[in-house]
Structure formats: C-alpha cells, structure tokens
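Here the chain labels run A, B, C and D in written order, and each chain numbers its own residues starting at 1.
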Amino acid sequence: MKYSFRNDYSSIAHKKVLERLIECQNEQNIGYGEDTHTLNAKKIIQDKIKNKSEVFFLVGGTQTNMTIIDHILKPYEAVIAASTGHINVHETGAIEGRGHKVLTCNTTDGKLNPSMVLEILNNHTDYHMVKPKMIYISNTTEVGSYYTLSELKALYKCAHDNDLYLFLDGARLASALAISDIDYPDYAKYTDVFYIGGTKNGAYLGEAVVINNKNLATEFQYSIKHNGAMLAKGFVASIPFEVLMEGNLYKEIGSLENECANYITQKLKSLGYKFYSDSKTNQIFVIVTNELANYIKKEYDFEIWNKINDNEVAIRLVTSFTTTLEISKEFIEYLKQYK
Amino acid sequence: MKYSFRNDYSSIAHKKVLERLIECQNEQNIGYGEDTHTLNAKKIIQDKIKNKSEVFFLVGGTQTNMTIIDHILKPYEAVIAASTGHINVHETGAIEGRGHKVLTCNTTDGKLNPSMVLEILNNHTDYHMVKPKMIYISNTTEVGSYYTLSELKALYKCAHDNDLYLFLDGARLASALAISDIDYPDYAKYTDVFYIGGTKNGAYLGEAVVINNKNLATEFQYSIKHNGAMLAKGFVASIPFEVLMEGNLYKEIGSLENECANYITQKLKSLGYKFYSDSKTNQIFVIVTNELANYIKKEYDFEIWNKINDNEVAIRLVTSFTTTLEISKEFIEYLKQYK
Amino acid sequence: MKYSFRNDYSSIAHKKVLERLIECQNEQNIGYGEDTHTLNAKKIIQDKIKNKSEVFFLVGGTQTNMTIIDHILKPYEAVIAASTGHINVHETGAIEGRGHKVLTCNTTDGKLNPSMVLEILNNHTDYHMVKPKMIYISNTTEVGSYYTLSELKALYKCAHDNDLYLFLDGARLASALAISDIDYPDYAKYTDVFYIGGTKNGAYLGEAVVINNKNLATEFQYSIKHNGAMLAKGFVASIPFEVLMEGNLYKEIGSLENECANYITQKLKSLGYKFYSDSKTNQIFVIVTNELANYIKKEYDFEIWNKINDNEVAIRLVTSFTTTLEISKEFIEYLKQYK
Amino acid sequence: MKYSFRNDYSSIAHKKVLERLIECQNEQNIGYGEDTHTLNAKKIIQDKIKNKSEVFFLVGGTQTNMTIIDHILKPYEAVIAASTGHINVHETGAIEGRGHKVLTCNTTDGKLNPSMVLEILNNHTDYHMVKPKMIYISNTTEVGSYYTLSELKALYKCAHDNDLYLFLDGARLASALAISDIDYPDYAKYTDVFYIGGTKNGAYLGEAVVINNKNLATEFQYSIKHNGAMLAKGFVASIPFEVLMEGNLYKEIGSLENECANYITQKLKSLGYKFYSDSKTNQIFVIVTNELANYIKKEYDFEIWNKINDNEVAIRLVTSFTTTLEISKEFIEYLKQYK
C-alpha cells in the first residue's frame, strides 16, 4: 500500500510531539493533571484564546462529549444536534448511556442554525417532554463543512437568548481554524465550552476541554473521574498540547491538511468526479464506481461512506498531518492511470 | 527533590516502551484496535496465559472497571468487593454511575474470602434487594497484600458454585506476579475476566482486559465505545504491551519494585518503625511522626495515607519501574540522618 | 362545562371497578403482587390470550415502557420507534434515562413497517453505533391509527428474522381490540411482550404487562423494584383487571369509545370539517378555526394538538368509558349552533 | 387465619378514604396532578405544616426516594444513610440505578447523628471519591426507632453547616407523629425535603413529597415524569391525602397503631419474651423459638426478620390502621395458650 487516506488518526503522532515526550522521560510528575506540563499547556491555551477559561485534558472524542454533557445537563435535559452529529450517530449511545436524549435536526450540510434550534424549542414546552438545554455543534462538521464566525455568533446569541448552553466539538478544530474566520479567542467568546482536538490533529491522544462559562467548570474533575476519564498520568495527555499549541503548529497542521485535500478535490473535479458533499476541509466525500473503488484499494486505503446505487459508492478520503502535496499528487497520478 | 515515592505512575514510561513507540512513528495503522500491534499484543498475552481468551486494550483503571462491570451486569445486579476496594472508594462512583451497587465486606487485609461472599449471598435472597452477581478482587490489593493461588482457586470455586463471576483488577499485577505463586495461566484459569495493568507498571497508559469466560466477551467492543473508552488510535494502548509482555519484562518490573520496597521495609523495621499494614509488595504503609514526615518531604515525595493521632500519620511509599536499590539506599541514609 | 373530551383518563374508574374495590376493603392480602387478586387477574388474562405468558401489574404507561426496556436491553442496545411514538416524544426522556437510544422512523400514520425497520438495521452495522434490538409499536397509535393482524404478523416476522424483540404498547388496547382484527391470542403469538392498558380504559390505574417470550420474564420482579415500579399493595393494581378482563367488559369499553368517536367524526365530516389525521379509534384530530376552538371551550374541554396556521388549530377530542352517544349528540348539536 | 401482622399495607385503604373515592367517581378532572383535588390536598398539607412548601403526590416509597434523589444530586454526588436505611437495603439498587452511591453508617438503632455524618465527610475530601451531598433519614426508622425534635434539629444544623441537604423518608410518618415531639411544622422547618407516607398509613397508595427548600422544587415535575412516576390520573394519588390530612385522621391512625403495638410489647415483656430491637412504634421485633413461630403462623401472619440461632428467630409484627386493641388482646390470649 502506498498511503492510507482512511482517517486522520492512523499515525502515532507528529514528530515534534514524540520528540518532546522523549525529552520528558526521566521526569517524575504529580498525577491526575496537577503536574506542571498540564499547568503549562493550560496557560498556553489561555494565552491563545485570550481568556482565563478552565482547561482540562481528556483522552478521546466520545469520552469528552460524554463527560461534558454528563457534567452539565440535569437528568431530564436534552442536547440539540444535527442528525449527522457525532454524538447522535457514532458514539454507540454514550450520551443516552448518561441519560440524555439527543434531539436532532435534519440539515443539508451538517450545520445547525438558530431557526432549527427554535423549532425544537417550540415543540418542547412542558414537562411531558425532555427540556432542551444545550446546543451541540462540531467544527469542522462530520460531513466536512465548517461554521463561519457570523454563524457561530448567531448560534451563541440564540443559545443565550433561550437559556441554552453552546458546546462546540473541536475534534477537527485544526482544519476549521485553517479555513474559517473563527479564531482562537472567538471560541472562548462565543461558546460555553469547546474542545481542541488532539487525536485527529497530531497528538497520540488527547482532547483539551476549554470551559469558558465558569459556572460549568465547578467540580468538573469529579465528573472526569466519575466517567472513567481521568488519567493517572495526566501529563501524558497534556504534553502534546504543549507542543501543538506552541507557536502556530496546530493551525499549520490544519492548513496543510486542507491544502492537500483541496488539491485532490480540484483535480478530481477537473477529472469529472461527482461529490457526495461539498467539503473544503480535510475530509473529501467523492462518488466512484465499485470498480474504481477496487482499483484504488490496491494502493490506497479509504473508508466506504455510503452506497449510492448498485454501481456507485461514496468514499471518504481524509488528509492528515502526515499527508504531503507529493503524496496527493501521486494519488491523482494513480487515479489517472485507471483504465 | 531527590525522588518521589508518591506513586508508581509519576514517570512517562519504561525506556523500552518509548523506544518502541518511536520506532513505529512512521507507520499508518487501522483504527479502533483492529491494527496489527493490537493483534500482536493480544497474541503475546494469549501465549503467556496459555489460553485463547479475548483481549482488549483500554486506557486506565477506573475506566476499565466501569466498562467491564457495565458490560457484564444487568441493571439490578451488584458486585461484591472489599470495603477498601478501588471500585468502592476511589472511583468517584463510576460503578454506581453505571447503575450498580457495590456490596462491601470489611476485611483486615483488603482480601475477600468465600465466607465473606457467602454471608452477602445469604443476606440477598429476594427481589427487594440487588442480586449479587460478581466478585471483584484486586491483586495486589489496595493495601499492599496479595492473593495466593489457593486463595484464588477457592474464590473462583465459590463464584462458580454460586453463579457469580470473578473479576480480578490487575492494576498492580506486575508486583503480584513477582511475589505470588499465581502465574499467568492461573489468571486465565481461575478468573472470568481480569486485566493486566499497564499504567502502574511502565506503560505511558493502558490496561489489557483479558476475558476468559467467552460468553462475557460478546459485543464487548460495543461496551467499550458506549463507555467512551475506545481509542481511535487503538495501537497507542497496545504497543506498550507488545514490549512489556515480551520475554519477562513485565514481571521483572514487578520484581525490582518489590525488591526495593522490601529493602526499605526491612531497614525501616530494623530502625524500629511501626507499619500501618503488612505489605510485601511495592506499596509501603509506614507510621511516622508529623515532624519526620515534614523532614522527609524536603527531599522525597509521598502520600499521606491516614492520620493516626495528633502526632503521627501513616504515609505511603510506592516503588516503581524507575526505583533502584541505590535510590532506596539513599532514602534510608537520609532517614538515618534525621535528628 | 358540559363534558371534557380532553383525554380518556379524566374520571376515576369504571363503576364496576370501584364496586369491586369496595367489596374487597376488609381483606388482608400479601404484598408485592403475590396476593390472590394478582394471581387471579393473571389467570384471567392467560385464559383470554390462550397462553401461559407471565403477567405483571404496573402503574402507568411511561413507567411500564421504562421498566420493560430497561429489563430487556443491554446498555448499548437501542429501540426502534415511530418518531411519533410515546417513548420518543412524551416520556421526558425516561427511556434515555435508562441509557437507551430511541431510533426513530418518520411515518405518515404513526405506524412502523418492516421496510422502515430494515433501513435502520442497514444503517447500524458496527460497534461505533448503537445496536438496534427492539421494535416498539403502540396499538392504537398515538395518532389514532391501528395495526391489522397481517401488519402485526409482518413486523413480528421481521423482528425474529433479524434477532429483534417486538414490544407492543397497549395503553389504548381496548380501542384497538374493538376495531382491529387482532384478537387477544394474537397479541400473545405475535409479540414478545405487550401490555394491556388499564389507566386509559376504565381502571383508576394499572397496566398489565404480558411477557410471551419466556426468556424475557426471568427476574422481571427485580427490574420492577429497581425502577421504583413495585407497589407494596400489588392487589390495588390487579383488582381492576379482574373486573375489566372478566367477560367482555374491556373490549366493550373500547367499542363504545370507538362508536362515539365515529359518530362524532361522521357528523363532523358531513358538516365539512377537515381532519388532521385519519382516525377510526377513540381519538379525533380535527382542524378548527381559533374562533371555533374558543366557542367549543366554553362548554367542552379538549387538547390543542398543533397549530396549523394563524387562523386554525388541530384539536384532539378523546372519547372514554364515560362517553355516551347522548353526550356525543349534544356535542354535535352544540357545534351546529355555532354562528 | 385470624389476622395478619405481616405489614401495614395488607388492606386496601381506610374506610373514609374509600368513601371519598366513591363520592368523586362521576367527576372529570384534569390530568397529571393539575386537578383541584391535588391543589386542595396540597393546601391542606401547607396549612398543616404552616409553610408554603411545594407538594407533589407520587405512588410508592422506592419510587419517591429514587425520584427525589435523582432530582437533587449531581451525577458524582452521594447520599449518606444508615446501613439499615431503606434506600441501602430494600430498593433493589434503585438509587444506584440513578447513578448515586449510598454511603452508609453502622448504627445500633437505625438512626444517624452528626458525628456519623462528619466522619463520612472527613473521609471524602477530594475528587477521587464521590461527594457526599445529602443525608437520608427515615422516621420512624426501618427498625422501629424514631427521632426526637432535638435530634432532627441537630442533623439539620449539621447538614446546613456542611452544605448538605437533609431528606426525611416518612413512609411511616403517622406512627412517628404519634410518638415523637416532632410536629408537622417542624418537618417543614428542619428538613429540605420529606414525604408523608400514604401507602403504609391508610391510603390505597400515595406518598406526598414536601419540598421545603424552594431551590430543590424547580422543574420537579420533569423529574417525576422522567422517573416514570407521573400518574395520568394524578387525583387518584391526592384524594387519599385530602381525607387523611383533614382534621387529625393521619396522626390518629399512627396513635392507634402505636397503642396496639405497645400493648402487645408490654404483654410480651411481662410474659418474658426477648426483643430483637427496642421499638415504641408500630413495628415489633420479637425473638421466638422456631416452634412458637410455627404455632403463631397457624392463626397469625408475620414476617421472619432474621435467624438468631438454630432454635430461634426474630419475627416482625406490624400493627396497621386495621388493628384494634381487641385484635391485639386476642393475639396475646392465643400466645398464652401455647403449651
């Protein structure tokens, strides 16, 4: 196999992250996230977002979503999400496992807007139904789209006008930062809580939870432990963020991913391919015949996203921190050689 | 500070584990534990325990206990544990958070025996009370004791005579393997499920869940994801086990830990110290005056375990994969210089 | 006010039920559903359904749905329902509160069919998503429609071909029995579990859970108590069923309800009213102007179901065991006097 | 059989309660506890306790405990109870089923005091353990003892000094009111929430939850429904309280129960019987030989509470609203005839 476009979590970690890990190997640190690496990573993030938000380091995306929602919602409260949202589809009921209904909106592009939220609120007005209390969005979304700053502001205003919390899942925040006009401080200003994804952006693991709404941060460590999400070696989850958030590395990773993905997308378009969704970020959803899918599979790995008809499938190609323009070009050359 | 005896998870990882991680950095692997490292680690463990048990790699102890118990028990079923058991005391209600009562036995040494189990069964005979369905033990225990093979066999027989499952928490299994007559294959024979702790034995993280009772393994991956315990980069959790379980490294780590701990214990005894519990494993619980505790703290870190009276405290000293006999000797010398 | 068509649970109980209650007032009975009334009611139901199913008596609909689903599903398993299903809309997240996702199908008439179920199964094929394990249907449905025997058989076949359980919510089973070709024994043959609703059919409270699939009945009493659903005075919930299920009373109540509802519907049709849904059972969903709604409200109570536009609303009129043809005629006369 | 002393919930309801039910049979009422009976019962209770507390009517004890605790505690918070407490022993894990640990104190008499509470607080000081947040007590207790006003005040002060809530389970409050110096208004003053038990004091079912701490009442109806505890016919649960709380009936029931129980206890003492616990309320725990137990069983029902040794058992005799002094005298006569 030449290369895997299957996902953005197939390689252990960015070279610089691993170098730092090795540098620290002879240290002895305090446990449970009370160590100096964790404090330092927290400070770097606070500087970046220009806000004294509380910061906690968890392991993976589903765990992070589950812990945050478990911490914030009362038993009878629900979270609003796009029907394509990760918490609705790909978390094996982790949110419901904590007792909460996910109220869904059908969207064309994986993005929520205030009118969708208001429609749900209008339908949930008494104690016979769950009480909507949180809006969940992802940036970039699960289908490759992204929010603009004005869209984020509108949702945040809608949330606060209606006594809801806005929670932003940043599993792929690097790609979002690289393309959207939403910058670090905006995430602190226009969400109650968000997380900076490490796993899909060059860390061996780790998600940095940033709680901007101070009321929601109280006793969050109890919820982390209660959800089985507390690392004894907390520094193992924070060290990658010391590296990724220093300077511009995190956003640069997103930029390169987007650049490679856009290169591939443009070439595919010029070759006449149809797309399953319109994405400018690091996930490409393209429609190919079954035969072509088999041809690609000989040298490149990818995920089959959806069956289109008996002859065609939508496949997902994902660029990551290991993808280069060279790899992307080779891939296009390989495609051109088909038949 | 000269050295921290605070716990066995203060350093990132054993040198060999980190070396292997670096060697693999340019690979691309499949996600979610379906990669070749995970398969290989599973095979090494199966060879070691001489059984085709199912093996899964999770992140930390509380998460592992929570996921296993959530997977196995029905909503109204309960788990029996020593009152000092990790699941009863130090998991912030993670087991109850999954809906299950922990039924406790008071013990003198942190160890369960069949008569304790039977007493609980005799008191839980109808549907007005929870149904005891699982025995939870730790080896080594939370207070430094360990089970012998005959004790383990007796509990396993008791479990199966009474339609219970036996689950063994091996967060500190290295230390147990080094001192007890229970060998790897015995854990496969005399438990329904156990785990081989990585976090406290030289891995940067990771616990290897070994399910010997095949019925309990069905759909375990659903439960892993449902509990937010599935790593996208599954190989990150299994690579340490490829290293630790190769040859004898894991048990050697336990041996050295025990050796250093025993050296310290013997010296302390000869210096007239009293002990809070009788431990032959890598945790030492020793009683010191408040003044001595302060003196030690200047150069060595440790945990204050319990207040004994106004003048004395029990402190816990833990040896780890980074402890050497030299460090242990220096520590004793430092103690001798007191007053 | 002349009469309330607001719901079918506005009056305490059918006269015969209350008479029986008074007759029994000097008895002393054993607690927790182990009394002779409960055994007798169980036997009457077994005779009626011609099957030795297990029978338990709970208090209300949401509690019954919650307890059954909690008992049957594993933590990561989900239940399939119409998006209009009671468990999806009107139980304040009770099912999610027990950890389970409700997977929904959009329907035109509140009824599921095998192709809807299969579509959900096709989209839930691995451990990253919940595992669908149960089909939930209501008869009559929440929008007034009902299943035929052939439809029920098809769903049951679909369930068992795909290793799913079929659960039928019979909160309004009296109305269903009176109109559909599904008779008592068919409910035993073609569902794994169903319940015979008491609260909405003449009991002061009570739902009779009938578990046809014996494997699902094991230890059900533990789940009843675990869900706070066990009555100390179990006989209070079973006495109404001794009365209602004797002879033909239960079905007669449904017949009269349907008859009154159909009388009203036919008259409304002849008067030119439009309907919000096509119902032949005891719930009528009719569209009226806001002014007419206000006129009706002076003398008759009802529920506003949905806003249609600025001038019109859909209202729900429900007939119950206290409705008579006379009351229905008076209501139509009152309507005729409008304007 | 002459009479059953098995429990205080063997007969349907007090004659006056049933008379009132019959009187109301032709009414039509609004659902879900928004009816006039419920409002009236609430007002009667507010008058009795001289406080504008919120009042809700639920069905049974376990359900009430589960709903209140689910409503008040955060996921990682725990409730402190006597090890004999109903929530710890006889609710089949309903509290853990809602995610909360029950922290227990061993007592000699089933009663908590501030020093027990403080000991638990001293042992739960960080996020590795659950956070104690509520004290749960029962009056009368599960072993027949009762709290005095000064004891209640001390616990309430302890609770509020330590940021805990005090919740009092009044399943047998009638008996407590009749013997203790705690009067209705004291329950409003010195608890955050309590309930007035109906099921064991002459109602066919029903427990009146009284929330004195207004913050805890917010959105309680959501929690009722979420826990499957909301009756469609809410008036069915409140009508008994209109009757029982009018005038002095509720306390009179407790007085007669206590009087009969004390008569039996005194006679048994004078006949030389030993007691398993010292009770002045309506539960008598007396030790008898196996042979005597068999003799009694021929004519009187009771519960075997505990095996004392091979020859003796502790049995529980409970007086109820149907017990009379005559019945009690006959029972003593029957005992005297033994051998």
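The criterion applied here is as follows: contacts are C-beta pairs under 8 Å (C-beta built on N, C-alpha and C of every residue); 3 or more make two chains touch, one makes a residue touch a chain.
From a predicted model like this one, the values you see are computed outputs, not experimental measurements.
**Q** Measuring centre to centre, with centres taken as mean CA positions, what chain is farthest from chain B?
**A** C
**Q** Suppose you list every residue number at the chain A-chain D interface; are over half of them used by both chains (same) or under half (different)?
**A** Interface between chain A and chain D is built from largely the same residues.
**Q** Let me have the rounded angstrom distance from the C-alpha centre of chain A over to the C-alpha centre of chain B, please.
**A** Computed from C-alpha means, the inter-chain centre distance equals 33 Å.
**Q** Let me have the rounded angstrom distance from the C-alpha centre of chain B over to the C-alpha centre of chain C, please.
**A** Chain centroid spacing, chain B to chain C, equals 50 Å.
**Q** List the centre-to-centre spacing of chain A and chain C in whole Å, with centres computed as mean CA coordinates.
**A** Whole-Å distance between the two chain centres: 42.
**Q** Name the residues of chain C that each touch 2 or more other chains.
**A** 75-76, 91-93, 97-99, 127-128, 130, 222, 225-226
**Q** With touch defined as at the start, can you tell me which chain B residues reach chain D in the complex?
**A** Residues 75-76, 78, 89-93, 96-102, 127-130 of chain B touch chain D in their complex.
**Q** Provide the residue numbers of chain A that touch chain D in the complex, in ascending order.
**A** For chain A paired with chain D, touching residues are 32, 70-71, 74-76, 98-99, 127-128, 130-131, 219, 221-226.
**Q** Once bound in the complex, which stretches of chain A touch chain B?
**A** 3-4, 6-7, 9-13, 15, 18, 21-22, 24-31, 59-67, 91-94, 97, 199-200, 204-205, 222, 225-233, 235-236, 301, 322
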